[in-house]
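I have a structure I would like to understand better, so I am pasting it below and will then ask my questions one at a time.
Naming follows writing order (A, B, C and D), and every chain is counted from residue 1.
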Amino acid sequence: MKRSLLPLIRKIRLAVFDFDGVFTDNRVIVSDDGKESVVCCRSDGYGLRRLESAGVRPLILSTEPSRVVLQRARKLKVECLHGIADKFTELRRLARRARIDMREIAYVGNDINDAECLKAVGLPVVVHDAWPEVRPLAKWVLARDGGRGAVREFADEVWEARRSSHG
Amino acid sequence: MKRSLLPLIRKIRLAVFDFDGVFTDNRVIVSDDGKESVVCCRSDGYGLRRLESAGVRPLILSTEPSRVVLQRARKLKVECLHGIADKFTELRRLARRARIDMREIAYVGNDINDAECLKAVGLPVVVHDAWPEVRPLAKWVLARDGGRGAVREFADEVWEARRSSHG
Amino acid sequence: MKRSLLPLIRKIRLAVFDFDGVFTDNRVIVSDDGKESVVCCRSDGYGLRRLESAGVRPLILSTEPSRVVLQRARKLKVECLHGIADKFTELRRLARRARIDMREIAYVGNDINDAECLKAVGLPVVVHDAWPEVRPLAKWVLARDGGRGAVREFADEVWEARRSSHG
Amino acid sequence: MKRSLLPLIRKIRLAVFDFDGVFTDNRVIVSDDGKESVVCCRSDGYGLRRLESAGVRPLILSTEPSRVVLQRARKLKVECLHGIADKFTELRRLARRARIDMREIAYVGNDINDAECLKAVGLPVVVHDAWPEVRPLAKWVLARDGGRGAVREFADEVWEARRSSHG
């Protein structure tokens, strides 16, 4: 993480995460009876707790209609909106309702359906293996891939940056 | 992708995909009660929509009798023929019925049972990790492995090439 | 494969495979209800058919009691003995019953419980990612890892070697 | 493994393992009906038997409440305590009850919730892909990643070291 990001990080109050490709490695396991599963990182939960302790509210915003997003969100005890076709409109509505300025939001994504949100927020972030189309939209490219600790890396850095700002 | 492929790409009307090793990483998860699952890439669906918007019809043609192919095809909203022992005969029948010339077809494969189809079509394509026996049959070797965004990469390039051709 | 192996390959009539670590990547998926699954390579089946067409009988010999071995063997249409604590004794019994000399057997393994069998057969083979303890026992170290096409690689080479021997 | 570790290894009587990230690759498969699965290495079981034959008692100590830990422990025939929020307090209680000194314990971990245990024991060990926060706490960093044979590597080295000490 570049030190020039610190002022942006210290401003954020809400961290919005895409699910597939951020909490997961962007793959889906499909079984012959139509069940879907995804592969997540055990260490991400600890990161979410650190975000909260640093005064940043985490939230998952997913286009996918699959119930698998809800299952993971419940286990991680994090707010979740799924099956959202237009993520940008939803993000604006959320921000307005919570009286949070777009500059106070971090958005972590990986693919083209994250583009509008990445362009709109104060701290646009992508995982290391994000698609080439959205990489240029990010101010912060994480060192880790989605589902391989990217959420934890983001949370640890935010937690550290905000702790040291009070030092 | 080499620029010399552009004229071939602009000609195609039908894109036929093998399933295992193209939409998947060529592996199968087998459970102790005999259920089969495969691992697919979440970003491929967006690629299929781009193909359609560029006027190219996508279709899956699989030798595998497993129902897992159908489950994935249904989710991706793409036509699918599975359990096809002789893919080349089926491909010719398809083309004749739809009045599509073999030169207007792209075929994306990875293994020896794709060989005849690759030899017959106008745009033969293989994934990066295709078996050595079929690699020489391709005019286009994708940069991505099967199940790791190969379908999306193919679709993005076709979509881009056909868009710029109208520019 | 070294050319010096060709005489050994041309002699074999029976190819015995360990399952875990050879047909799989040596990992097991364990679910919270105790179900076990393994990850196999779709291309191995084609390799087994080539072995048979080259006059070599394939057979799986596994220590694991899990039913997952049987499920995969049934799908691949290959003989299978599982839950075999002492593989070497079983291998000798098999050979005697089928009147096959140990020098006419290839054994493909990856771990310490394959050591005795590897020492006894004419063509001892290990996958690329075999454990360091058994690697020195092999005359042929495959280029591919278990579950990543190792069986197919073995079968293709045997098939090719025996075809050319009739040329 | 550094030779300077040999005296520490020869002293241990109890080997305590974290589960997620040590027996597994630190990932969890989540299905759309909320089932959790993890991916383990088939070769670890053989390592546990070697530990026992070398007079070292293996034990799993996990924070995770998921039943998947129990399923794997049962299959591997190893003692297991799961759903333990405060692992350090539990470890001390265990040691006192079994009259084992902290210097006679090896602890194998990968993440921040292992920190206190790693600091307290005689032989603190981490897997190769442990989180940066806990790596400095280890006297021994394994060459293998969690779920990729790390437990087997640890067990093989301990078994070897204690065998040669009697030589």
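Keep this in mind: a residue touches a chain if its C-beta (ideal position, glycine included) is under 8 Å from a C-beta of that chain, and two chains touch if they have at least 3 such contacts.
Small disclaimer: the values here were computed from a predicted structure and weren't measured.
Participant: Between copies chain B and chain C, are the contact residues mostly the same numbers or mostly different, with half as the line?
Facilitator: Different, since most residue numbers here occur in only one copy.
Participant: Write the angle of the rotation needed to overlay chain A on chain B, where the fit uses Cα atoms and the result is rounded to the nearest 5°.
Facilitator: About 90 degrees of rotation relates the two copies.
Participant: Indicate the whole-number Å distance between the mean C-alpha point of chain A and the mean C-alpha point of chain D.
Facilitator: Averaging C-alpha atoms per chain gives centres 32 Å apart.
Participant: Distance from the CA centroid of chain A to that of chain C, rounded to the nearest Å?
Facilitator: The mean C-alpha positions of chain A and chain C differ by 45 Å.
Participant: Hey, what residues on chain A touch two or more of the other chains?
Facilitator: Each of 29, 35-37 in chain A touches at least two other chains.
Participant: Which residues of chain C touch chain D once you look at their complex with the stated criterion?
Facilitator: It comes out as residues 20-21, 24, 26-37, 64, 111-113, 131.
Participant: Quick check: in the complex, which residue numbers of chain A touch chain D?
Facilitator: Chain A residues touching chain D: 29, 35-43, 46, 66-68, 71-72, 74-75, 147, 149, 152.
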